[in-house]
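Each structure below is given as structure tokens.
First chain A sits with chain B, and in the next complex the same chain sits with chain C.
Let's turn to the complex of A and B:
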């Protein structure tokens, strides 16, 4: 575990923003629309509210265990043995995360850009870039995300402004037809994809130069909110332009949406340019899953340098990205049925328990010193 | 056969890249060797169409009943 790179609060904001958009913007509009129909955007807003509560939980956990990675937190709260087992479960989870996100990316390439290229090559090439970034260290990835942010914002603004002429507000009606339960469930799936993976960023929180100051905490909330609202905006556009049925049915509804751009029958089919949006965000998401996986594993094994594991882990990631989802039907079943309870246990229940343990221990220490 | 040769070639290349920085750290070298061997073995197995257990199935075995009841509750 040797990465002396430090990042500052602003870089943390940028990467939380891109990370929470991540693959969410690519896949979640379809999931939301299949649960909540035309109320998908309300589900998204509920998800953002849940997400704010999650960020509150993570900052609280960060404050109780300052300067510790997730592995360190587990070991301090539960002791050496149990803590190591729990952190191994997290390593497994980030491994799954990296492999599944890589599958999403290569599947997106396969369907829309490179239908005749074997999927192994697209995923290996993408993994190569991810590994290069991770080997250069956290500072490099953080600066890359800062460099990519303006491009992301330009593309996002182009997307929103060029699509507004086609909005058909009739498609939103009747509002709140699907009822509270469906909207809440949609909110949970939204925050499960957008916000709960922030638990992996505990591998980089200790590298934030300022620590958890008020400003950093405010930045975390602001960027998480901005990321969530960007996705809600894209979902809303999907519903307003494609309608709930087509949104629910398509694999990558936001890409289908961008194909609709047509300004005076002259500027059209610019979706490949706008696909830069998804390349940027999915790159960030894959990189941080992967980085968290490799650094946590090397911290458990007490290696001198996490770079030792980067190349073998990259090979594993590529191979398992071909294995994890044998087909799209399996993917949809797993993502809608198995994923929500799994991620709720991993990213809500366990951090909450760790936080309570930390709080109890802290108060015990305090009373011990008082005596 | 070519795929297997390619995988072994990539693994060899990775080892060449890492060896110079690792040769002074015994433990790191061992961990790298074991991880690389495992990764190569799994890749070759996948290339030869051996069925590799899917880790998502293990997670599904634990969480699928819970997920079903959650979905029923909210539908």
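Let's turn to the complex of A and C:
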């Protein structure tokens, strides 16, 4: 038996919001700034616009195949054989996604807090909580994200307000120097990290109680927009305070940013408290990647209960997260060179193709019934 | 039965919880840390000589009042090809590992500064333990270790003294500028501004300064002083600004929060003016292919001290003072600009960045040899001074008497 838990539209909104912030907020300002310099924030906004188009695509896909997971969509559109192969590729990707995000989390821990602790342990402990969440089912995860949201928002507001005194607006000038091409490329990487992974949430879309009503659709757009803009705001703060060069060079620019907080030389050195922000969002991102992976795999294998897969899959994920990037330089290379085309194929090209196939089939069915 | 079994399981689980405790790799107890507050970097025959000032916790603790037997800080020194190595090597003399999160200042010896400090600063921006809120300083004419040896009154920890005096004088005394590592790196990387670092030096008898005697005297034999600004080209120091030029520098880059200056009265004697607000704008523009630089400064001042015959009931007197104050600030700024263009031929103000912001196209053309263009460009300085208030009284009490 698969997970029968249902979530409602509001929970979906919270989920999309935290999911799109995910690891994006931790690493993307650096990527944006290295491509677009002081125009990184414009790149972010372009990314949000691209993201809206993506959400449009996903809701369209959802409408064409209501009540289907991504695996179900592949099989319906392409038939059993090809569909299964395609969905396996897709499942593999969510596995890679979960492992890389786990690597990010433990890498962050390792660099800033626990330099001498073996990575094995930080990732295992983090994975343990992820597995716990997934075993308890979608309802539990969704409610957890609802509970986390206020904390996230409090921390986020603290971050933004405590940093405002340090803003130097001159750092933004000259605006739009880097030109359209690099801003557009920055937008692609932004939406690649923030929005394209939403395609993996197709494993939970069928669980939305209301189905795809107008309200849910609007909620999807609103939360994706809010998530993207939150990241753009952090990027903007990075540029305004650290400047484009330091932002580009930092491994985790937003962490370098909160190190700057100092109000009256009294409220300062609170970066570790604010790191809670990223623990929340990265937890959500890892959990949904992981959940999508495990449930899709069990759907392909036609298992009665996906929970039997959670432990072995978690072991795979932890081990793979240790070897997925041999070193951090490789990680940056992979993230900037390999990842964008890969995710564009997975999250734009294939869904678009599936949508077109669905439309053609739909119209054929329609004409068939008319006859 | 089941209750007993449950209890058993509970007990086993509780005991099992002890396991993770043994594996706390990154545990660091307070009494295992050597809290370093100042770092000095020099170069001795191709090797870095690293000096660290570490707090003696028992001496600094305020509740016990300190036994007074030891110096409040202790210094460790090693040399190494890389700084990272040298700091680790300190454990051969120090019983505790150096902990750098509470670093307040990093002092660089002048000799090393002249050779270039880029390599030396990499570690500081890379290591996770370091925060970015410490100040960079150049030891004027001496090695950094000499500065870190001096004991000081008022603040027990010398590094704190230096840190606080920079922070305070940056706010109330124009010639001082506080430079953090991020500031330096930002300037280093931007092609339109060269970095500067505030200087520091030891005055008086340094021999006594290193002994506790120094703080037992009412007037310490040796003191640590801020001294002007060190100018860099990229990461190499190329010279010093005088106190007046340092003042002018801060006027130009708009970092003056408050300061006091003096001007001469028409009939001899002086008037002290307190700057309460200063706003400046650097402009760089290209007109008909020629680069022109401009500085606009608006200063708001109060009259702070009158040592001459001035009738402060007359508006014209204030206007006269304003004009003189304008000339004084203009003179400071022009002096600084002059030394930048003629002596150093180096843009350490950031006119290049100003041009970059206002005219990216022209900047692209001039950027490759910007310092040369900067050195040849005509500069116009306009200063507007407003004197608003005269303190708690109007005319000086000496005015009637002397008449």
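Observations on the structure shown:
The working rule: the second predicted complex is superposed on the first by the 370 of 371 C-alpha atoms of A that agree within 3 Å, B and C clash if a C-alpha of one lies under 4 Å from a C-alpha of the other, contacts with A are read in each partner's own complex, and residues count from 1 in each chain.
Definition applied: a contact is a pair of C-beta atoms (placed from the backbone, for glycine too) under 8 Å apart; a residue touches a chain by one contact, two chains touch by 3 or more.
Please read all numbers here as calculations on a predicted model, not as lab measurements.
In this superposed model built on chain A, chain B and chain C occupy separate space and fit side by side. In the superposition on chain A, A:326 contacts chain B only, with no contact to chain C.
In the superposed pair of complexes, A:277 makes contact with neither chain B nor chain C. Counting residues of chain A touched by each partner, chain B versus chain C, the larger count belongs to B. Touch criterion met: A:245 reaches chain C, while chain B stays clear of it. When the shared chain is aligned, chain B comes close enough to touch A:305, but chain C does not. Angle at chain A between chain B and chain C, computed from CA centres in the superposed arrangement: 110 degrees, to the nearest 10.
In the superposed pair of complexes, A:340 makes contact with chain B only, with no contact to chain C.
In the superposed pair of complexes, A:73 makes contact with neither chain B nor chain C.
Of the two partner chains placed by superposition, only chain C is touched by A:260; chain B is not. Contacts of A:181 after superposition: chain B is touched, whereas chain C is not reached. In this overlay, which is a superposition and not a single complex, chain B and chain C have their closest Cα atoms 13 Å apart. With the contact threshold set out at the top, not one residue of chain A is in contact with chain B in one structure and with chain C in the other. Here chain C touches chain A in the complex through residues 23, 25-26, 128, 131-133, 182, 185-186, 189-190, 353, 356-358, 360, going by the rule given at the top.
On the side of chain A, the complex with chain C involves touching residues 111-118, 121, 170, 173-174, 177, 242-243, 245-246, 256, 259-260, 262, 268-269. Remark: chain B residues 10-11, 14, 17-18, 21-22, 25, 27-28, 31-32, 35-36, 38-40, 42-43, 46, 52, 54-56, 59-60, 62-64, 66-68, 70-71, 73-75 touch chain A in the complex.
Put simply, chain A touches chain B in their complex at residues 92, 95-96, 100, 181-182, 184-185, 301-305, 307-309, 311-313, 315-316, 318-320, 322-326, 334, 336-342, 345.
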